[in-house]
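Next come two complexes, and both contain chain A; in the first it sits with chain B, in the second with chain C.
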Partner chain A sequence: MSEQKANRFGFAINRSRAINYDTSDRKVREYVTMREPSFRLCFACGGCTATCTAGQHASFNLRRMNTYIRRGEIDSLREEVARCMLCGKCLLVCPRGVNTRNVVATTAEALRKLDRNEL
Partner chain B sequence: MNSDIFVWPFNLGLYFILIYSVVRSTIWFRNLSRADKLRLQRGFFGMPFMQSIREIFMESLLHRRIFKKNPVLGYMHMSLAFGWFLLIVFGTIEADFFGERHLNPPSHAIFFRWFNPEHGASGLAAIYGHWMDFLLIFILSGLLLAVVKRFIPGMMGMKKTTRHTWSDRIALISLWLIFPSRLLAESFTCGAHGNGGFLTGNLGAALASFLPAADIAPYFWWLYSLSLGTFFFLLPVTRYFHIPVELLLIFMRNSGITTADRWSAYTEVQTHACSSCGICISVCQMSRAAGINDMQSVYFVKGLRNERDIAAITANCLMCGRCDEVCPVGIELGPLRLIERRQGEREVTKLKFFDRYGLMRRREHIEREPTQSYSYLTPEEEKPADVLFFAGCMTHLTPSVIAAMKKIMDSAGVRYRFMDEQGGVCCGRPLMLAGRDREARELINHNSDIIWKSGAKTLVTSCPICYKVFRESYYLEAEVMHHSEFINLLIEEGSLRPGYLHRRVVYHDPCDLGRGSGIYDEPRAVISYVAELQPVPEERSMSLCCGGSLGNLTLSSGKRSLIAADAARILTQSDPDEVITSCPLCKKTFAKATETRVSDIAELVAAALPKPVRKTRGRASLAAVKTVADG
Partner chain C sequence: MKEKRKHVIVAGGGVAGMEAAGSLAEMGIRVTLVEKGEDPGGHLLQWHALFPGRRPAEEVRKYLRKRIAHENINVITRTTVEKVRHHGHEIIADLSGGTEERADALIVATGFDLFDAHRKEEYGYGIYDNVITSADLEEMFNGKRVVRADGSVPSRIGFIHCVGSRDEKVNNNHCSKVCCVTAVKQAIEVRKLLPESEVFCFYMDMRMFGPYYEELYRESQEVHNVNYMRGKVSEASVNINNRLVIKVEDTLAGRPLKMELDLMVLMVGMEMSKPGARLAEASGLNTGINRFLESADQHYGTNRSGVAGIFYAGTCTAPMNITDTISHSRSAVEETVRYLGGR
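So, the complex of A and B:
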């Protein structure tokens, strides 16, 4: 079915929500989920983003970062993760008890390992 | 005079350990920085030397600090260390005084009775024999406790006892054998010759009544010598190495050497000075409230010593500092953990047995590569102020604390500027706690710039985490004050006049403010001014951590809640009206863990302030006008 036709019935894939399996790299997600299982609890409510210290100074969004991890968009992720200050505000607002700081820390670790081909 | 080859295991062990100690100390000394070398040399010829001797006597022999924490455990350590020391001293005197010659080799003192079997039948020598027996029984009583502790740790009021490596085990067995074999060796010899003190004499006579004492005695002398020799040979690769190393540590510390922020000979000496006493386990809330029993400082230090992979252990700690507070050896456990965190991943090497004698290796200091970058921060323009108020990230999550601080400062007529009203930049301590010091520097520079530009004389913060890092890692002209200190100052000056609230409250010392920065009295002074302050079981330097600590990156929220609930339970034992703390993070953490109301010290004071006069009068007069009009 062509995209246009699908769209007419309202179930086309929104491009920004599509996961491209050719370019997605699941290694980071696997590494983070293994080291910080609470990552799986995130339901993308955005509470962390609303309170974020770094987000007040730059375009930084932990919820978006979580999406990048899930989708394996490594390049976007790399820029995003470096901006967090590990201040811990998000930890206190997260309704799901996601250990947000460690998600950031393990992601940074995973990316470094990826660069060194250790992942 | 008897001479026998059985003394050789002992002799070899003794000479080995003496030479080894000299070599190892020399290596450590050589690896000290120049400044530390100078300190140590100066310390050796001055007051620190006398101090060290005193400390060695009080701590390494009498174990005063362990005694204070746990008398039974203290007695165990004291009887073994001090008892053995006395046995050696008086044994040497005995050999010198009653022996055939003066200045005997050590083996003649240790195996005195073997070489002088006829000695001590009567007179002064017999009395001396009783004294030596007394010392032996003193040691044996401690040994009995040690055996009990190993098998039933609960008996000594300790929850858990430390785990052993196999070399520790062999060393432990040889240590345990030393004194019983001495007892039996002496008893058999005494039994065969019909002399000896109240212990060896009587036991010997009893044994000799049904056994060929003279034939059996040599076996036990062999065992005695072998266990001593084995113990000495294994000493450097076991936890018992702490005995000589602690002496060195005491000299170094008293000479003014400190841990600083990198691996050094001093940090290595500290890791070897841990006696694995396990006191740090029993105070750690991770074990007592959250059931996590593998990350306590004793395991961390052991991992460092044996170069294991301890990344998980290093990360999984609240950095609350309770263990630092109780460690009888005075190891700076928090700073050591931070150094290890800064290092990041390390290559794990499986140490071979001989590597563990540690003559060739040296821990390299590698800093982890930066992962974070804050180049997006733009410098702020100049905004002068006398008093700067920095709420801190966490305080922004407790708006009631900010409101209370505003009310207090307005009421006292303080002219201040709210530095991070529109949301500031993190102080940098959370990054430092995660071992990312270089990245933290970027934030520190950013904030310092704002503070310097304001020309402020005073910087007030509501968060102990920020307070600690402002004081320790920022270079500032402004005086840094925690809001509890500041409020205390305002009350003392008379510019703030809160009333008295009829509430019974307890105070929780936040880790970074209390143990971390030594601020215990000011908050208490403030609270006592406005309410009735009740004592809690563990407070001041032994106060509990709320469990919310940013010092631990990996701890799950479930475990945090367990720690918070346990701490809250202890805090509210006296059923107070309110729990007061002075850390926004503690407040948030406890609020979820207890039914009792939890407030910040600023909120308490703000509640005690008289209502602003003008507004009430305004409303009252309006009401008056209204009634007049209606009437």
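So, the complex of A and C:
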């Protein structure tokens, strides 16, 4: 087990923690940007997350989700997107006028298409 | 025959207008300084100590008062410049009250208005007692007493950045530039006045653009223990203990956060002044997408209106600090004098 021997820190490193931007899948981002162009305006203020009822108890965070879409972090995205209740409270807060609710809906749609190889 | 002495009208007697009037007078030009308020001074009349060095605002006020105490300057107060028009080479300013003033050139120095915090209803200004603005806090500093509405001493104070700026919801996409450093300055002042208190600044980006600003930010952490939290506060409410409760995302931790505050300070932004906007509209002067006056050129013509004989000085063109306002005002004078000489 040369790999274990080389690991002097005493724990196994399974998968890289780094976001590999060059191998990441940006199809979802392209889809969301095309269907909901206001998505590009997010400047990560967290106003939506602060006001979101779904995020108070479970790990759901719209601001972080926007970042995952941009970076092509699809696995992380899947966990997030299902939790939104599409209530639209965040729409009233967003200082950049992002159509937040539609970003979530469009992302869910993109993921479904991705699974069916339609993206 | 001696040439008739040149005459310039300055519309607005804040920092920009006072500095312009003083510079022109010094060069032997006759000046009529028209100010809407009771006294010249503009917003500077309200401030206590100035960033970055926290010198008393009175020092700069004194400088400006001396600047306009010149025999070439005629100060008219409680009067608004309503409209500017041309009559041949002459500039005619219509003043409130129906009078008019004739001159060879005019400098617009109508400054800014503070964003009206009532418009961000979710923060409860005018609804909850202990929500105040940065300007209200300056007034408290002037009285040397920072207290809650019931007179008690606040133990936790929060500064909310970008109130009325960078916010599509209130039709202001611009950054007001001075409120970040004002928050840092005020946070330090509060910590010095109330050493037992805890102070938090809620910011989206810390914009420390000027000399010594970043150092002041550093000092606020190193010496005064000011806390910074990155996130836009979405709303405030009041609990049964009559403390404010704010909702924000701690975006660096990636989790929503609730916090009780005793006093909440809204860092209100800068908007084009209403009397300035009226003047622009009546006189056909261009305004930009941020509603401030639009200069003829963004790089080498920020004092030019594009209309002969009319020039711009200070925050009527964009948010700026006192230092930049004074520089801008001096360059407006240079443009004006060049124009007068070339006619």
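By our rule, the second predicted complex is superposed on the first by the 98 of 119 C-alpha atoms of A that agree within 3 Å, B and C clash if a C-alpha of one lies under 4 Å from a C-alpha of the other, contacts with A are read in each partner's own complex, and residues count from 1 in each chain.
Methods note: contacts are C-beta pairs under 8 Å (C-beta built on N, C-alpha and C of every residue); 3 or more make two chains touch, one makes a residue touch a chain.
This structure is a prediction, so every number in the text was calculated from the model and none was measured.
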item	value
Combined model on chain A where chain B meets chain C, clash or fit	fit
First (chain B), second (chain C), both or neither touched by A:A108	first
First, second, both or neither for A:T51, with chain B first and chain C second	both
First (chain B), second (chain C), both or neither touched by A:F43	second
Which superposed partner A:P95 touches (first chain B, second chain C, both, neither)	second
Partner chain in contact with A:A82 - chain B first, chain C second, else both or neither	first
Partner chain(s) touched by A:N61 [first = chain B, second = chain C, both, neither]	second
Winner by number of chain A residues touched, once chain B and chain C are compared	B
Minimal inter-chain CA distance - chain C and chain B, angstrom	6
On chain A, positions contacted by chain B and by chain C	51, 56, 93, 97
Residue ranges of chain C in contact with chain A within the complex	122, 162, 166-169, 204, 230-235, 247-251, 254-257
Chain B - residues contacting chain A, complex	369, 371-374, 376-378, 393-394, 396-397, 422-426, 430-431, 434, 436, 443, 548, 550, 553-558, 585, 588
Complex contacts: residues of chain A adjacent to chain C	43-52, 55-56, 61, 63-64, 93-97
List of chain A residues in touch with chain B within their complex	36, 38, 51, 53-54, 56-58, 81-89, 92-93, 97, 99, 101-102, 105, 108-109, 111-112
